[in-house]
Structure formats: C-alpha cells, structure tokens
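Two complexes, one shared chain (chain A), two partners (chain B, chain C).
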Partner chain A sequence: MRRVSFFRWTLILVPCLVLFFMAPLVLSKYLVFILNLLAVYVLVAIGLNFVMGYTGQISTGHAAFLALGAYFTAICATRASSLPFYVLLPMAGCFAGLVGFLLGIPILRLRGFYIAMVTLAFGAVVSEIALQWSSLTHGDDGLRVPSAFLGTFVFDSDKRLFYLIQPVTILLILAARNIVSTRVGRAFLAIRQSETAAQTLGINLSWYKTSAFALSAFYTGVAGALFAYAMTHITPDSFSLSTSIDFIAMIVIGGMGSIFGSIIGAVILTAIQQLLGSLAEVQMLVFGIALIVFMIFMPRGISGALRSWRAAVKARKKQSLENTPKGEGYP
Partner chain B sequence: MLIHIVISGIATGCIYSLVALGLTLIYKSTEHVNFAQGDMSMVSGFIAFTLFAWLKVPVPLAFFLALVGSLGLGLVMEFLLVKPAIRASHFNVFIITLGASIVMQSASGLIWTHNEFPFPSLFPNKSLVLGPVRTDAGSLGIIFSTSLLMLALFLFFKYSKTGTSLRAVSQSQQAALLMGISVKRCFALTWAISGLVAGIAALLIAPVVFLSTALGFVVVNGFAGAILGGWGSLPGAVVGGVILGVLENIAPFYFPSEIRNIIPFAVLVGVLVIRPSGIMGEERRRRV
Partner chain C sequence: MKATGRKAIFVIFLFLLFFGLVSRGSAAEVGVSADSVTVGCSNSFSGPLAFCGLEMVKYGAEIYFKQINDQGGVQGRKVIMKSYDDGYDPTKALVNTKRLVEQDKVFCILEPQGSSPVEATIDYLEQQKVPLLFPFQGLPLKGRMVFTAHTVYPREAEIVVDWMVQKKGFKRIGMIYQDDAYGYTYRDTATPRLKSMNMELAAQEPVKRTSIDLSAQMAKLSQDNLDALWMILTPGPGAMAIKEAKKEGWTKTKLFATGPLTDESFIILSGGEGEGVWGFSDWPDPVHSKKPAIAEYRAALQKYAAGHVPNRYSLFGYFYAKLFAEALNRAGKDVTREKLVTTMESMKNWENGVIPPVSFSKDSHAAEQSGFMVEVKNNVFQPLSGWVSLENGKLVERPLGE
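Right, the complex of A and B next:
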C-alpha cells in the first residue's frame, strides 16, 4: 500500500519537476526573476518558521540574517573571486548561523517578548552597521555582487540563475521536511507548547532554543546569498525593520509550524509585492491588516485552515460510511 | 554645560517614561505587550495637527480634543484587536499589536505623508538661568508636566476606588471577579488610560523632534526604559525611562555621535544579558 502511494507520488512529482525546470525556456525574463525571488522568500519563511512556528519564539529581526548572508557573499565574492558558489553558499549560511548561535546564547536565558526585543535590537544594529561601515559595505550606495560561476559556466542572467537558485531551494525544503519530522523537530514543537513541560520531559531547553536560532539563521543566510546573486546589487534598505515584519506576515498568513505553509506564505508575499509594487504604503497596510485578521480568525494560517478542512472532510466521509447518527461517538 | 545636558536628558527620559508607563500599565493588568504604543502617540499627535493646521481649531482646544481622541484610540484598540482575540496567547496578541503598529504607520503615511511637520509647544521657547544652571523652559516644562501626570496616576491608583479595582485585577483576575469587579471594564479602562498617556507623550515630544510617522519608533526606547527599570514595575518604568534619556544625551558627548541611535538597543541587550529583571523588577516564577 505504502509502495503504491509512493509510486503514485513519484508519477505526479517527476513530471511536475521536469515542467518546472523547463519553465525558463518559455517564461519571460521578468517572471523568472520573480520565481527566483520567490525561492529566496521560501527559504526565509522556512528559516523563520523554525524559530516562530516550531519553537514559538518571536523574531522581529530576521532581515538582519538575510543581510548577513547577502553582504558576506557580496564581499567574499569580490575580495576572493576564485571562490565558487558551492563554497560561498554554505559559508554564508554558516556565518549567519554562527551569528544566530551567538545571539541565541544570551536569548536562551530569556523568554517571551524579551526575545522579540533583542532580535529587534539586533536587526536595527545590523542595518546601522551596513549603513555606517562604508569602507566594507559602501554604505548607502550598496555593493555590486559578482556573478556566481561553475567552472567556466557563469550564472549571469536570471534564467541561468534559475538553475542555481531553484535546486538549492528544493534541496533545503527537503532537508527541512526531514529535520522537522525527527527528534529535533518534535523537541521544537514541545518547546512551543510549554517550555516548562518540555524541560520536564528532558528536553535541553537552552540547547534546542539556540540551535533553532542557528538553524533558522543558516537558512536565512543561504537565502541572503541567493538574494544577493538574484538582485546583483544590494543596499542596506532592503534589510530594514519593515522587511522583517513582511517576513513575519508571510509565515503568519501561510501558517506557522508548517513547511507547506511557509511556501504558501512566500507565494502570497511575492504576489502582493508584485501587484502593489509601486504602492509601498498600501502594501504595508495590506500586510498589517493581514497580520491582525489572520491572528484573530485563523491563527494557524492558510495551511492550518486547509488541514482542519481536510480533517473535517475525512471525518464526514468516515461518518457517512459507518452511517452513525450525528453526534454519537464523536466528541 | 554638563548639567544642561543632563536636564535635557531627563526631559527626553520623561517622554520615554511615559511610553514605558503606557506599556507597563497594559502589561500589568492584561499581561499583553503592546507594540503599537508608540504609534498610538503618533496618531494622537496627528489628530492634534489635523485639528489646528487643517481645521483651524485653536491650539489648546485641539490639544484637548487630541487627548480625548487618544483615549478613544486606546478603547478602539482594545475593542477591535484585543477583545476578539480573548482566547489567543500572548504570542498572538503581540503579533496583532505588531500588525496594528504597521497599519497605523502606513495609514498615517497615506493620510499625512511621511514628511516632518512643526508642532507648537505648550511651553515658551526661551532659556532660563537658575543660579549657576542654564536650561530651557521646554525641558523644564516637560519634566514638570510628566511629574504632575505621574503624581495624578499615583493618587488615582492608590486612593480612588476605580484605581484600587484596577490594581486588584492586575493581582488576580479571578479574585477580582469574585469581589464583583468587572474585569472586562477594567481591561478597557486600562487601555483607555494607556492611550491617554500615549497622547500626552505625543504632545510633549512632537514639538522637540517634529511630528512625523517615524514618531512611533519611540516605542523601542519605551521598551528599553521599561526593561532597564524592571519590566512590569510602574516606578521601574519611570526610573528606567529617565536613566535611558540621560544616557542617550550624555553618550554623544564622549563617543562618536552615530552611537546615539544604538544606545537604546545596547541598553536593552545589556540589561537582558546581565540582569533580565532590571533595576526594580522582581523575579517571576511561572506555572506550566
């Protein structure tokens, strides 16, 4: 039975993937760029979800990790131009991850909204450094990012970058799915439910909270590196507080504590950004209202709503099959 | 010279204290953290601005109406955002107020643009010489009116019946309910008072830094002050805010001036790392 369903899934997935990777051949340059940006946001959403959705800590400064990854890549690729992307990407991720780990150490003593405050402070300090340390970051003018290359093949157009960004993203989505269903993922979930209860179950609270931060920072750092390649030019104002809040809106809408929800959220964020591109004000208003409405009426986001809808459908099916009278045997 | 800087630091600090006070009031009675406290100030400032600049209402009346408006704003926030989420966790309410903060900021940007507007001061703009100390009337006015407000709040909480019931609710909602206190009404009242405090903060700070949508960011300094003083303690909020203001004014004197923007964050992280309970806070134990 399992085999059959696995087989059926591959039958659906493989053609989908093939179609997806043929997309740049038919789509316009602009649409391919949007797909690349979408992939970056998916990674950020997954990263943020490790901290907020799974472990239940609020991070209001995630744009800072994106900035760390992006600036690390831009600076290293300029200064050490022989480094290929497959070295730079993990390095950017690990650099952001290390910073996330170090940030996690003071945080692990704190709880609740203090963490939101420290991450807010962190975000502000990083964007201030990016602005002020102009010998390294060129301040307001920003940095040009050299193209990634593999041997003699240079990823110098959006369509070429597609074949760099998308595989990395798919790989990291699969990795995230696996992490979430292991012991580590379950520990994260337990911490969200109740820190004290998790502790009594033998979960090392500080270790898991810190590693959630490090993991989240790693994902966002890699996303930052890809972001740098996709944008080709980075400036400090792409990593402001409002970017961090956009990211929060993204996973609140998509669904906290769900990888699928992260993807939905990223799609919606990208769609709204493209639709209201010139109206930054309206865009913020929409995100703000979405945050409020979703938190009040649909706190588990779209993926949570889909899940409970599917459960309801299944329950109804089962009910009609067994033909039991309504309200009996079902609490 | 140094004394002058300290006095203007205290004046800045008084405004941070007011923001911190607004945050702490809401936290004490409802355990919610209101990220939109600074933006409530900003909106009250703009209400006053609209009244006197666009509708040509006399300034004192405009200020009074703005304070009434800010009180109403607190009530509206409670009614629209916090009440519907009555069963939501504090995590969710924090995100709701975060959403409210950016809604207010972007909506104000749409209505009033992001420009800076001059704002009339309640106090005469001249310098005073008190013995060896030179200072300006504006700073003294801010310090004086903040102290007056603090005294009024203290008397209200300590001696009035309503104030006592608010304190009862913050100690134990269950017990307060059993004593016949309407907890719902107390929550609404807390938000209203907090809104009023935000409005007063706006009228005091807007003449100093100009009125703009960026005024909402004062909430970060408010948080830093409240945490420095000890999160959840009303006297702590006042003391922490004042210390932060003084620090912020003195630091550019000794360090490069760019450091000023980072001070609240540095204080925040420093306090949380060294002594999370702040100056006057007490360690709280929590049940599962």
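Right, the complex of A and C next:
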C-alpha cells in the first residue's frame, strides 16, 4: 500500500517539477527574477526558522548573515575569478556559518530580549563594516558581482540564474526537512519548549543552541551568495535593520518552526513588496500591522493555522464516523 | 511522505497560480502605442533624498507631461510616467527598473536619482538596450543608451578649480568631502588639476555619509588658513559645515558649495547662516529669474500644483521632461528606442531659454557642460559670474542672459 502511494505521489510530483522548471520558457524575465528573489527569501526564512522557530532564540540582525554571504561571494568572485559557483556557494555558507557559530558562543547564557539586543548590535556592526571598509567593499558605492559560471556556460541572465538558484534552493529545503526530522530537529524543538526539560533529558544545550545559530547562518550565507548573483550589484543599504525585520515578519506570518511556513512567509513577503511597489511607506505599515495581527490572533502563522484546520477536519470526520450507528456506512 | 508530497505540490501550484503561465507578446516598439508613450523611473520618494525625488518627478516631469498632454501630446501621443520608490536603495532601484522594463514595458527610463541606485541599473539597461535619460546624479556615465543631465562632477571640479585660481587668485584651497564616489570624484579631479598649476589641496577632510557632526573636521580645517573651503557634501552636512564655520568665527575663508549642494534648501537648513556662501549653479533662480522659459515653468507649476514653491529640483524635472519631449517629437511618429538615441545624437544647439543651448553627438551624451558661480545674499543665490565652461582646456565665460 505504501509503495503504491509513493509511486502515485511521484507520478504527480515529477510532472509538477518539470512544469516548474519550464517556467522561464513561458514567464516574463521579470517574473523569473522575482522567482529567483523568492527562492533567496525562502532560504533566509528557513535559516531564521532554525534559530527562532525551532530553538526559540530571537535574532533581529539576520540581514547581517545575508550580507556576509553576499559580500564574501562578490569579493571572492572579483579577486579570484577562476572560482566557480559550486565552490563559492558552500564557502559563503561556511564563512557565514562560522561567524554564526562564533556569535552563538557568547550569547548562550542570554535569554529573550538580551539575545534580540545582541543580534541587533551584530547586524549594525556588520552593516557599518561594509560601509566603512571601503577599500574592500567599496562602501556605499557598492560592489559589482561577476556572473556565476560553469565551465564556459555563464549565468548572466535571470532565466539562466533560475537554473542555478532554484535547484540549490530545493536541495537545501530537502536537507532542512531531513534535519528537522532527525534527532537534531527534535532537540531544537525540545529546547524551544523548555530548556530545563531539554537539559534534563540529556540534551547538550550549548552544543545545540550554537549549532542552531551556525546552521541558520549557513543557510542565510548561501542565500546571500545567491542574492549577490541575482542582484549583480550589492551595497550596505540592501542589508539594513528593516530587512531583518522583514525576515522576522516572513516567518511569523508563514509559521515559526515549519519549513512549509518558511515558504509561505517568503511568498507573502514577495507578493506584498510587488503589490505595493510604488508605496514604500504603505508597505511598511502593512508589514507592521500584519506582524501585530498574526502574533495576537495566529501566533503559529498560516502553516500552524492550516495544521489546526486539518486536525479539526480529521477530528470531526472521526467523530461523525463514531456517531454513525453500525450498518449505516460502517464497514 | 504523503504530507510532504501534498505540501510540495501545493507550493508548486501556489507559484504557478500566483505568477501565471502567461506568455507575453511583444509590441511594435516597447512602451509606444497609437496614443501613448510610457516612460518610467525608480526614484527616491522616501529616505534621505525624498525631497529631491518628489520634486523632480511629481512637481517637475509630471507637471510638464500634464501640460503637453493637455495640448495634444507629442506626435499625437500622450506621455505617461510610471514611477516606483527605491528610497535611495540600489537593490530596490534594480528591482524597480526591471519591473518597469519587463513588466510595465516602458519606452525608456527618465530621471532616476542617485549615483549608487543609478549605477546599479546601468549594466542591465545597456544589456536590454533601454535608454537611460537624464539621471539626477553627476558621476560620468558611459553607455550607448545613456544621456546625462547636469554638468558631471569631474567637469564641474575642473571649472571650479580654474575659476578659483585664475579669476579669484586663491592660493590655499581646502576640501571637506563625503567619503564615497561623490566626494572622491571632486577630490581626484581637483588634485591633478591643481598640480598642473604647481599647487595642491592645502587641506582635506573626509566625512562619512551618515555623519551629522562635522565639528572635528571643521576644527582641524580652521587651523589651515584657507582662502576657500570647498564643500562636497549633501544638504544636511553642508548646513552643519556652515554652522560650524560660523561658530569657529571664520571670516577669511570662503565656503564654496558644489552643484548638487547649491540649492536654497540647504541655506534654509543652515538657519540663515549661509550669507556669503558661494556655489556652483547649474540652474537660473527658479523663483526670481525673469527668463520666459523659467516663467513658463512657474506658470505650469501654478496651474497644476497651485501654491507649490518653485525650486531647482522641480525645475530639473520639468526641463529634462521638456528635452525628452523635444527629442521624441523630432524622432517622428515611428519612434523606436534606437531612433530616439540617434535623433538625440543629432541635436545641435537646442535653444531652450534655461541653460546654454544643448548639443549632443555620438561622442558626447552630456546635456550640460557648464555652470555659473553664485553667492548667497539675503538667503537667495545671486550670480557672481556668467556661464562658465572649459573649451580646449581654457576657461570661457558667456553672459547669463537674464
């Protein structure tokens, strides 16, 4: 029965994936560009979810990890032009991950508000370094990013970049899905529920909390590298506090502690940005109101609400089956 | 697996539903229809340059287009302007520009603002062969499809150095400059220019873009016994510099503002301390000038935005919209992007009544290559010179024509 089910889902999933990868052939270049940005935001949301959604640590400076990945890629691609993207992407992720690990160590003893303040300060420091270290980063004039390449094939258009960014994103989504299904993911959730209880169960708090930061930073660093390729030109202005707040809004709206929620949150953020493109101040108002509304009325986000709805439907179905007298539709 | 598969399909379906599987056809020329031409720009309507952006687009270009649309448009086509806010963020500028070109299908990009946001879009626009017309910034820009507006910073720097040394006899010139491409351009042009005259910058102090306190830099500069201090700053820090100079009791040193800084707004910000400040101006006085073309601008502003105060930014927007319309008209009914560019390259000595006659060529896509010196008197910039330019390396002055 399970094998038939797997076969059936594969029959549906594979054509959908084929259709998805045919999108650049039929969609406009701008929509393909938006899909690429969306994929970057999905990775950022997943990264942020590791630290906020799964381990309950608040990070208000996550744009800094995006900046680290982006600048690492731009600088290395410029100064070592022979490095292909499949070397640069993991290097950017590891660089950001290492910084995340080192940041995670000193903030281990902190809770709630204090972690938020430290990560906020971290974001400001990274932004300021990008601005002031102009000999390396070109300050607020920004850095041009050379195109990614594979042999002689150059990813120098949004449609070509689609075939780099989307597969990387899908692979990392699957990897994230696996991580949260393992002992590591269960340890993260246990820490979020109660650090005391988790410790009692033998979970090494220091190790897992620091690892969450490192993993989160790795994902966001890779997202930063892809962002740099997509934008072709990066400046410190692209990694501000408001960007970090947008990322938090994504996972609050989409659903904390959920990979699926990360995707929904990224789609909604991108949609709002596009619909309100000419009204930047209204955009900020909409985000702010959405954040407040969701935190009060839907704290588990859209994915949490969908899960609750499905559970309620299942429970009602079970109830109605139990209430049905034998002989009436009962096997 | 069941739940994962369902979620994956839902996600893919979400993408496809949201974005649509629609193939897009192409028009005869992008952005041009039988009765309209659509132009676009990404500009600052929020953030540090919001005032400039709103003035040049909403109270400049759009005012001009309303005026000509009411008169029947250009070659029977109304000109429509679409604009998005980038808040001086280069990332948003690129996203907006791609949206304008690929989704809104604009004919050209007209009057974007800011060196960094504009630089972020240039490679893309050249690749797409979309004209980039008259950005409000002063770095030299290279590109087949790029036409610049006011005098570029290196040319302005050369003119000002020559004028200060040859006309005013200044020996000790100092500089306080924004620590980015804007400031470096003036510094790196002035230094060799002065060296060719066996001189050098007597003092120089960089200022970070986000700085609001210039007291340390001004205190150092007050020790240098300068004839002139050249301020390569934005209005906020520029006003701070003037206030600090007043506080330090400067009497001998002349403060000199760059072209982008020379506007009444920074005089207002300095709280009336700007009396006697000199500057390089690209524009006649938008409020007091008696030139018919400037009076026409004021009348249009009064008609379509009654009560709005004229200023150099909205005059910029109005003037360059007018120049665009002139080029569009000359290109004829069957206009294309390429034809617009070649038409503009053939424009010679276009008399406009605002700035010296505009000429373009294959090798020169710069609308302005001159300016005139001004001094603040009673909170108004009064002319100190005629139109000053460099021709064959020599300083040339022509009457202002007021």
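Rule of thumb we're sticking to: the second predicted complex is superposed on the first by the 323 of 331 C-alpha atoms of A that agree within 3 Å, B and C clash if a C-alpha of one lies under 4 Å from a C-alpha of the other, contacts with A are read in each partner's own complex, and residues count from 1 in each chain.
We take it that contacts are C-beta pairs under 8 Å (C-beta built on N, C-alpha and C of every residue); 3 or more make two chains touch, one makes a residue touch a chain.
Note that the structure is a prediction, hence the values are computed from the model and not measured.
Of the two partner chains placed by superposition, only chain C is touched by A:D237; chain B is not. In the overlay built on the shared chain, the residue A:F20 is in contact with chain C alone; chain B does not reach it. After overlaying the two complexes on the shared chain, residue contacts for A:G142 are found with chain C alone; chain B is out of touch. In the superposition on chain A, A:K314 makes contact with neither chain B nor chain C. Of the two partner chains placed around the shared chain by superposition, chain C is the only one that A:S28 touches, whereas chain B remains out of contact. By the touch criterion defined above, A:Q132 lies against chain B and chain C together after alignment on the C-alpha atoms of chain A. In the superposed model, A:I263 makes contact with chain C only, not with chain B.
When both complexes are aligned on chain A by C-alpha atoms, chain A residues 132, 281 touch chain B in the first and chain C in the second. On chain C, the positions that touch chain A within their shared complex are 1-2, 4-5, 7-9, 11-16, 18-24, 45-46, 83-85, 87-91, 94-96, 98-99, 101-103, 115-116, 119-120, 123-124, 179-181, 208-210. By the touch rule above, chain A contacts chain C in their complex via residues 5-6, 9, 12-13, 16-17, 19-20, 23, 26-31, 33-35, 37, 131-132, 134, 139-142, 144, 158, 177, 231-235, 237-238, 260, 263, 267, 271, 274, 277-281.
Those residues of chain B lying in contact with chain A across their complex are 33, 81, 84-85, 88, 90-96, 98-103, 105-107, 109-110, 220, 223-224, 227, 231, 258, 261-262, 264-266, 268-269, 272-273, 276, 286-288. Touching chain B in their complex are the following residues of chain A: 56, 58, 60, 106, 109-110, 112-114, 116-118, 120-122, 124-125, 128, 132, 194, 196-197, 242, 245, 248-249, 252, 281-282, 284-285, 287-292, 295-296, 299.
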